[in-house]
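Pasting a structure below so you can have a look.
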Amino acid sequence: MTDRPWLPYALVAPSVLFLAVLFLLPLVQTIWLSFSGGTGLGLEHYRRMVTDLNFASAMRNTFLLTLAVVPVQVAFALLLATMVQKLERARDLVLWVWTIPLAVSDLAAGLAWLAILQSSGYLNSLLFGLGVIPAQTSWLSYETPFALFAGIAVAEIWRATAIVLVILVAGLQLIPKEYGEAAEIFGASPWMRFRKVTLPLLKPSLQTALILRTVLAFEVFAVVYALGGRNFPVLVGEAYTWQRDNQNYNVAAAYAVLIMVMSLAATAAYLRAFRVKPDQLS
Amino acid sequence: MAEIVIDRITKDFGTQRALDQVSLTVADGEFVALLGPSGCGKTTLLRILAGLERASAGRVVIGGRDLTGLPPRERGLAMVFQSYAVFPHMTVADNIAFGLTMQRKPREVIDRHVRRAASLLHIEPFLERHPMQLSGGQRQRVAVARALAVEPAVLLMDEPLSNLDALLRLEMRSELKTVLREVGTTTIYVTHDQTEAMGLADRIAVMHGGGIEQIGPPLQVYASPATRFVGGFIGSPP
Amino acid sequence: MTTSMPSARRLLFWSGVVASCAWVLLPVYLVALGAFGGREAVFRWPKSIWPTDVSFQAMLAFLQIEGVFKAFANSLIAAGLTVLFSVLLGAPAGYALARYSFAGKNPYRLLVLLTRAFPLAILALPLTVSFIRMGLYDTPLGVSLIHTVLALPFAALVTQSLFLGIPREYEEAAWVFGCTQRQAFLKIVLPLALPGIAATAIFAFVISWNEVFAASILTVRERTLTAYLLTVLSESPLHYRFAGGFLLIVPSVLFIFAVRKYLFAVWGIGSK
């Protein structure tokens, strides 16, 4: 039945058209918006963005958050993934529980942790009940920036570890257990087996997970908004404010381009760092 | 009349020639086995007969009808696939009835044919079951029943027994022989197993490298190999 | 059973598993508590971890607030449209990717993967202007179009592996026994693919239901639930926020539970 060579193209065309109009086009438009001003193309919006009061803290906050959260999540997910490998009957149930955060909107996750971290929240109730604090303590306020940061970081770790977990579990499954068994026979301890056999073979999955998670971390928004409001500026939050409140589409676009460039740079960096030599594969 | 005339069929996959000017005539009611190692082109030839591949050159004529260019459904053939390809979401009965259902035959005609095919293959007890509840051997029978139910002009079989274990294969081989003899349909049977070919076929076409090295009744091919290849392939020479 | 571990290790292992499960479930439980605890429970201090005054009152009151029910409906419409578009656009593409090799196959896969590398929701910014011009601004339809960009790559690649899992020989058998290509697809492939397509649809639904940024940018009066909650975050009473959070979480979690086996298979996690 090879008499309709145009068929695959016809099947694919609608989605290509759709993505061209609703992805490629806006992408180009965003870049153009960020550069176009009253006097033709220029950097005035970028200048405006950079000199804004909140810019420096937004940059710093986004970076610090990413730096704090991503390694913790990867380590945690690695631990959970190896634990899942060892389960047998309970495996599907446990895996489902651990991936529940994937189904949860980042806004809902922010609200959940708000319930815990707010002044009259569950954390304070616990600490008060244990006698650690005398009365309600505020963790999320403007005056307690470190606590606010920690709270947001914890909420993010809760929310997004599942993403890394899923990628790593899939990657672990691909490693034939004969490798580990062979290492065991040769006297390697579990930790050594992990370092020398599992970890190297997990490199492709780690690379994917790191790229995905880092790019998503640059885009953090709703969790921060729920927990900190405008006390904790982040890049996407600033873009949102510039667009909605200030009605300045151009500066918002500049923020968008900035995040895009950061994501591409991070992706390139990870690809370079995790370059898997072909002769190392199986 | 279901005489098959394969007239100088050539098939190229890109720069690779899978079949080179293959010609073969099969008489009505005859059972011809295409025998050869993997890569010799036997399955490709079968698929061209079925209409699943298009020949680069040459013609296929069945019962006086030139089939070249016709889609599979218009060729009046039936096929048993190596993996059986029995539809998992239908009952055994619906599977066997499939070809007739597509032809929009009346209900009673379909039922009659289904029952007959099922009894030929001894699978009446399974008619209301689903293929996934059956063993591999039973599924294979469903595939054969499905092909026989449409009473095709020509029956094509692509290594139908190769997925069965050795004991079952022997059992099915003799059963197939009985059933096909009773039905009398022109059959083309692809296999790489020479004992199978020897046991089932009226004539064996030994294929190699895209061409037919020798064709003749089993004993003739065995006793008087025409080429070195045939001699080395059939039987176990010292 | 993990019989290969000494019992002290086993205890540690299982406490780790249980603790991690609790870690995941606790915040969800607390949102539910907050949603059904009523006004008093929310402002009670210190908070009890057990469900004291359970009342559906708060939830009902929340649902009756002007705007909430409409937001809920808008989210439903947007998510439903997203499912429709991503399946209608993605499934044929997935079929083509699975069954054919054609020039442009790899560039297509690249394009699809590329959409993941960019801050997608941010593309909502320039689309605001285009949407205003086209009358799509502030409509669930407009929101669903952006959400489809998010869900489409997933739909295409997942349906690709779905169709790859349905042997070509089923279609060939159907052709031999009397079907045209379209009939074979409708009678044989589609019924077998339906569970997987349903799972894809559900995941597309969840993606749309949960999305915050684009929905907030693109709506003003016809807000989706996420946009609504975001904008009234600072103003609304606490227990209403939890009710909203609960409404956000529940459908997604239930849906994902329903199709978990399928999603695991798709992510490459086999079941034991």
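Order of writing sets the labels: A, B and C. Residues in every chain begin at 1.
Just so it is clear, a contact is a pair of C-beta atoms (placed from the backbone, for glycine too) under 8 Å apart; a residue touches a chain by one contact, two chains touch by 3 or more.
Keep in mind that what you see is a predicted model, and the values were worked out from it rather than measured.
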* Asked: For this structure, which two chains have more C-beta pairs in contact than any other pair?
  -> A-C
* Farthest from chain C in C-alpha centre terms, which chain would that be? -> B
* How many Å are there between the centre of chain A and the centre of chain B, using C-alpha atoms for each centre? -> 56
* Between chain B and chain C, centroid-to-centroid distance (C-alpha), Å -> 48
* Asked: Which integer distance in Å separates the CA centroid of chain A from that of chain C?
  -> 17
* Give the residues of chain B that touch two or more other chains, as numbers and ranges in rising order. => 51-52, 71-72
* **Residue list for chain C, restricted to those that touch at least two other chains** => 175
* **chain A, residues touching no fewer than two other chains** => 1
* Residues of chain A touching chain C in their complex? -> 1, 4-5, 7-9, 11-12, 14-16, 18-19, 22-23, 26-27, 29-30, 33, 80, 83, 86-92, 94-109, 111-116, 118, 120-122, 124-126, 128-129, 136, 158, 166-167, 169-170, 173-174, 212, 215, 218-219, 221-222, 225-226, 229, 236, 239-240, 243-244, 249, 252-253, 256, 259-260, 263-264, 267
* Asked: What residues of chain B sit close enough to touch chain C in their complex?
  -> 50-52, 71-73, 77-79, 81, 83, 85, 87-89, 98-99, 102-103, 146, 150
* Which positions of chain C touch chain B when the two form their complex? -> 167, 169-170, 172-180, 183, 188, 191-192
* Of all residues in chain C, which touch chain A in the complex? -> 1-2, 5, 13, 16-17, 20-21, 23-25, 27-28, 30-31, 33-34, 42-49, 85, 88-90, 92-93, 95-97, 99-100, 102, 104-105, 108, 111-112, 115-130, 145-146, 148-149, 152, 156, 175, 181, 206, 209-213, 216-217, 226, 229-230, 233-234, 238, 241-242, 244-245, 248-249, 252-253, 255-257, 260-261, 264, 267-272
